[in-house]
Amino acid sequence: MAVDPMKTLGQDTPRVDAYERVTGRATYNRDIKLPGMLYARVLRSTVPHAMVRRIDTSKAEALPGVRAVMTHETHKIPYGSGSISGGRQYSDPHKDITTRLRYTFNEHVRYVGEPVAAVAAVNRHIAEEALQLIEIEYDELPFVMDVEEAVAAGAPEIWEGGNIAHDSENRQQPIGGQTGDLQAGFSEADQIFEERFTTAFIQDAQLEPRSSLAHWEGDKLILHTPTQGVSNCRHDTARDLGLEDHQVQVVCKYMGGGFGDKNGNYYFDLIAAAFARDLGVPVMVELSRKDDWLGTHGRWHTVQDYRVGVKDDGTVTAIEVNGKSGMGPYLRRSGNVSGMDVYACENTSKAILPVHTNRMVSGNFRAPAYPQGYFAISSMMDDVAYKMGVDPVQFALKNMVRPTETKQFTNYALDQCIAMGAEQFDWQRRWNPNPGSAEGPIKRGAGMSFMMFNARLGASSAIVRAASGGRYTVYVGVTDIGPGAKTTMSMLAAETLDVPLSSVDIVWGDSDRCPYSVGESGSRCTTMTGFAVVEAARDLKRQIDERGLPTGDDVLIASATPAPSTNGKLREGFGAHFAEVEVDTQLGDVRVTKYLTVHESGRILNPLPALDQIRGAVIQGIGQALKEDVLYDTNTGHPLMTGYYFARHLTHLDVPEIENTFIETDDGYGPYGAKTVGESGIIIAPATIANAVYNAIGVRMKDLPITRDKILEAVA
Amino acid sequence: MKTFTNRNPESVGHAVSIARDAIGGGRSVVFAGGGTDLLQLVKERIPNRPGSGAPDVIINLKGIAEMNGVSRRNDGGLAIGGLTSLSAVSANTDVSARYNAVAEAAVSVATLQMRNVGTIAGNVCQRPWCWYYRNGFDCFKAGGNQCYSVSGENQLHAIFGGGPSFIVHPSDVAPALVAFDAIFRVAGSNGERRLSADEFFVLPRDDARHENVLADDEVLVSIELPAASGNVRSGFRKLMDRATWTHAVGSAAVALDMDGDTCRSASIVLGGVAPIPWRVEAAEQMLAGQTITAELAEAVGRAAVEGAQPLAKNRYKVPMTQRLVERTVLAVAG
Amino acid sequence: MTFRQLTVAEPERAEPVSRRDFLTMRVSEGRRVLELSCERLFMRYHDACSEAAQRQVSNHEDVPGAADVPLGFAMPSVDALFDELERQLAGVEELRVLERGWLGSGAFARDVAARIDAFSERGGIVASEAAA
């Protein structure tokens, strides 16, 4: 199913806004200056769990240059409109039923870093100075930082009714379910293995710290904020403020990364809106780097207990996982754990409890439920393979999901990814059949893992317009968080219209000037919005064929809101990763010496950023495997790893060249057969590294991150 | 950021008199070299001088020409001005020829951009990188009365010389300087003093709030390196939790005075494992008069960690430090 | 929804002007004037027409292993959109039509033209401007 070459698509194409970005001309949110604008800062709770007994803002208000101070006493604005149920922030019915409401400022504070007040002033320094003058007294409450302790009898109640998060019907039920017959699967097994794995909370750590600039024209709110979805942010904000969607205009022209952290709206958007409305001038709320660490979300940490049944021939007959995800005190997203689907085993049970603690809030981070889940299940299966005396690659090929009558794929390439990766990596030579047996203190090992990730289709909109002189304009609600969506959308239009890319302009990132877009989350931008661009461009081309190119002031306009489907087939992208590591068993250093990936992501529309996406995601995944964490002081409930320094994010010097091959296919769905790339690369990187570390030292590392202290204790 | 007054003195004497006058007037003072770390503390409102809060006056030393640069001394040693950038230290051929460990230590600090701006005196005098102190806890180092790491997260804390504070000294260049018996030249209102490492650095048992004896109005003007013979081989090895831009989980500066294959005398000073640069004399003495073999190096490593007192979560640092010393000794011996 | 005012002094403000995103109202030469951005109206019209707009929630999160959030958005219907336009037109004497190219020649153009014609018949002044 190799793809045919095309004129524009498939050609390495630099970003259409590359020049603006690298020359500093691109206007990021904090670059925007409006006449008379004020600057605001947020004061945060210094205690993990308390009721605010008294809050005195008089000294702050008296500071020259301060225009207003806001607290839970002055403003009670619902935030996330009840996203606290089910983690479905965009789902209005769930917002309607929630019984656990969250506000921009809560009298009941539930984590260190929770907003307790905000100050608007004539400049950011005065605003920050004024924060120091706000006096707060807390009635402190007992707190809980650990997911197991949070659900134990007698744990401090962060919410009335206990610390298990509510699902979309306000029930305290685990996420998951059963397939097949689990008990029969275990009965059939010759051996049963059990292990516990844990993963740490890590911050999305996007480069651009958050800011939000609001101003009002009458009863219309104009909000400049870095967001991954102008339409989603508009809807959330309108709902929180009691407005209609069209009374909110969300604008985001350039942003410095998101990774899932910038989806939907945030409390600071609402603070900016409220200040701007009260004061009648534009107000920009700014977060410092530390604010960004404390006051935005990160990846949920997990505890996962696996039980796996295997026959002597290496066939997995049953998989059971029970787990808990730490969501912080507010449910922003689901807390799910994924990865079981990549195995063929039909007898499965999954039960994941999302649990509230007094840690910072958890939410989406690049493939939200995946790297944690895949680390655990892939480590588990790797361990089973060794215990059964089977080469992990052979074990993968034996137990990986395959198309069946009831499980049909639009196309299937998992076997190909694994086989090609093993060959390119030279698995047989690099892999050590006797883990940990290498001579000397520095031990080398190889590991692998494999994945699939939904490349689903769905509704989105695009408009393409032709004007005289052969100029075409694409209108799409993308904001370009990094994967190059503006460029991809322009390329799709150019290809479909059969015109040069240079004749296509793009209007983006403005909810008033673009039609609805799903936004850039869930790796859906190319498959959904991109598909709409193709449909609209096809329509425009028909119009041009019928009526000719417009002249003078005339224009031709085509729009599309397709809602394509795969008719019940699974549409998945596939991948396999292979890594070689060197572990210094005396000093505890882990060096990644080789990293090779094979991905099937359908047709690759723009190879240049597609490769960058895989590489960037792998780097994040290696960081999650070996370094990143947000440790807390459990005595005080304070986080200790705030910022890039303490959280140990990787530098370029920490990673080897990451080699990637795309197996290109066109399954006949999506825009010219394109699937997803953005999240795919991170999913199995932690698992691959962990499996390589096992192969090197012969001790299974079950807790992420695999830091020096853990390595040295394991080999001691 | 708290509003402060910036002063730009042109001489050490002027800098010291500004400090004296400001302190006399009840204002808190801090000296700024490169400022790469200092300004961060100021912005985060973490006390640079314990208990003093954000400074009222920042005395910017960058205009003091006499504090910048490396010069040869009459006794054959070197004087490194406190304002000399870490990049300049590592690039100086007099330093790298005779005091290689100092050059290697300087180049291991942070990132190139920070080494271009950050100074050697600033590196020696920077405040600890304990995650409690840096996250605003009111610990000893901020002027408080406890060390939160004792019953908390102490993975990166001291295994030697701790108590009541368990911070580790953050400087990379300090262990290398101490390995060469550097002298720290300090100027203040009460005149100038020249201090050995033993006199300059202080253990928490003597003063839990400070890492050295500098008074609020004192400046580290320069660091003097005594003459070193051409037979001295030295090196610095730093373990980090990533490849760059972080402090040492453990480091070792080793200087060996060699006579052919025989080691006449040795200096071994550890960083990242104690509240001050930590000299391991018992280990040093094992090398004197010996030919350095793998077996001897291993024994030296073991001797280096004798008496280590790890906390609950940093036991790993003991075998790590042992092997670090062993390997650095072997590497320097060639 | 609660949206309480600040406790600090409220700045002096004129009577709130009720405007909508595709309309900019201003007073010009003694007349009340509405500026109608056909581009913005088109975007709202497009969203209002789209099938997905009428669905509050899709089931995307219920797909096994789905990574993210469901999609779904609520927009006023096409009728509501034009009701609002008519309300706005009732309060002004002049209408300035901007970015007329966005009207095209389909149903959207007919729907908008009907309102403009009605406005004109009532004695309203209609002016067109080149795209802003």
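Order of writing sets the labels: A, B and C. Residues in every chain begin at 1.
The rule is short, and it goes like this: a residue touches a chain if its C-beta (ideal position, glycine included) is under 8 Å from a C-beta of that chain, and two chains touch if they have at least 3 such contacts.
Keep in mind that what you see is a predicted model, and the values were worked out from it rather than measured.
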{"item": "Graph class of chain-chain contacts, one of line, ring, star, complete, other", "value": "line"}
{"item": "Most distant chain from chain B by Cα centroid", "value": "C"}
{"item": "Mean-CA-position distance for chain B and chain A (Å)", "value": "41"}
{"item": "CA centroid of chain B to CA centroid of chain C, Å", "value": "65"}
{"item": "CA centroid of chain A to CA centroid of chain C, Å", "value": "33"}
{"item": "Chain A partner contacts - residues on chain C that touch it in the complex", "value": "1-8, 10-11, 13, 16-22, 39-40, 42-44, 46-47, 49-53, 56-58, 60-61, 63-76, 100-102, 104, 130"}
{"item": "Partner chain B, residues of chain A touching it in the complex", "value": "125, 128-129, 132, 290, 441, 586-589, 627, 631-636, 638-642, 645-646, 648-651, 653-654, 707-709, 712-713, 716"}
{"item": "Contact footprint of chain C on chain A as seen in their complex", "value": "61, 67-70, 73-78, 88-93, 217-220, 231-232, 235, 240-242, 244-247, 249, 260, 263-264, 274, 277-280, 333-334, 338, 341, 364, 367-370, 453-454, 456, 458-461, 463, 467, 475, 512-516, 518, 521-524, 553-557, 559, 561, 563, 679"}
{"item": "In the complex, chain B residues that touch chain A", "value": "1-3, 44-45, 129, 131-132, 134-135, 137, 148, 151-153, 155, 239, 241-246, 249, 313-316, 319-320, 323-324, 327"}
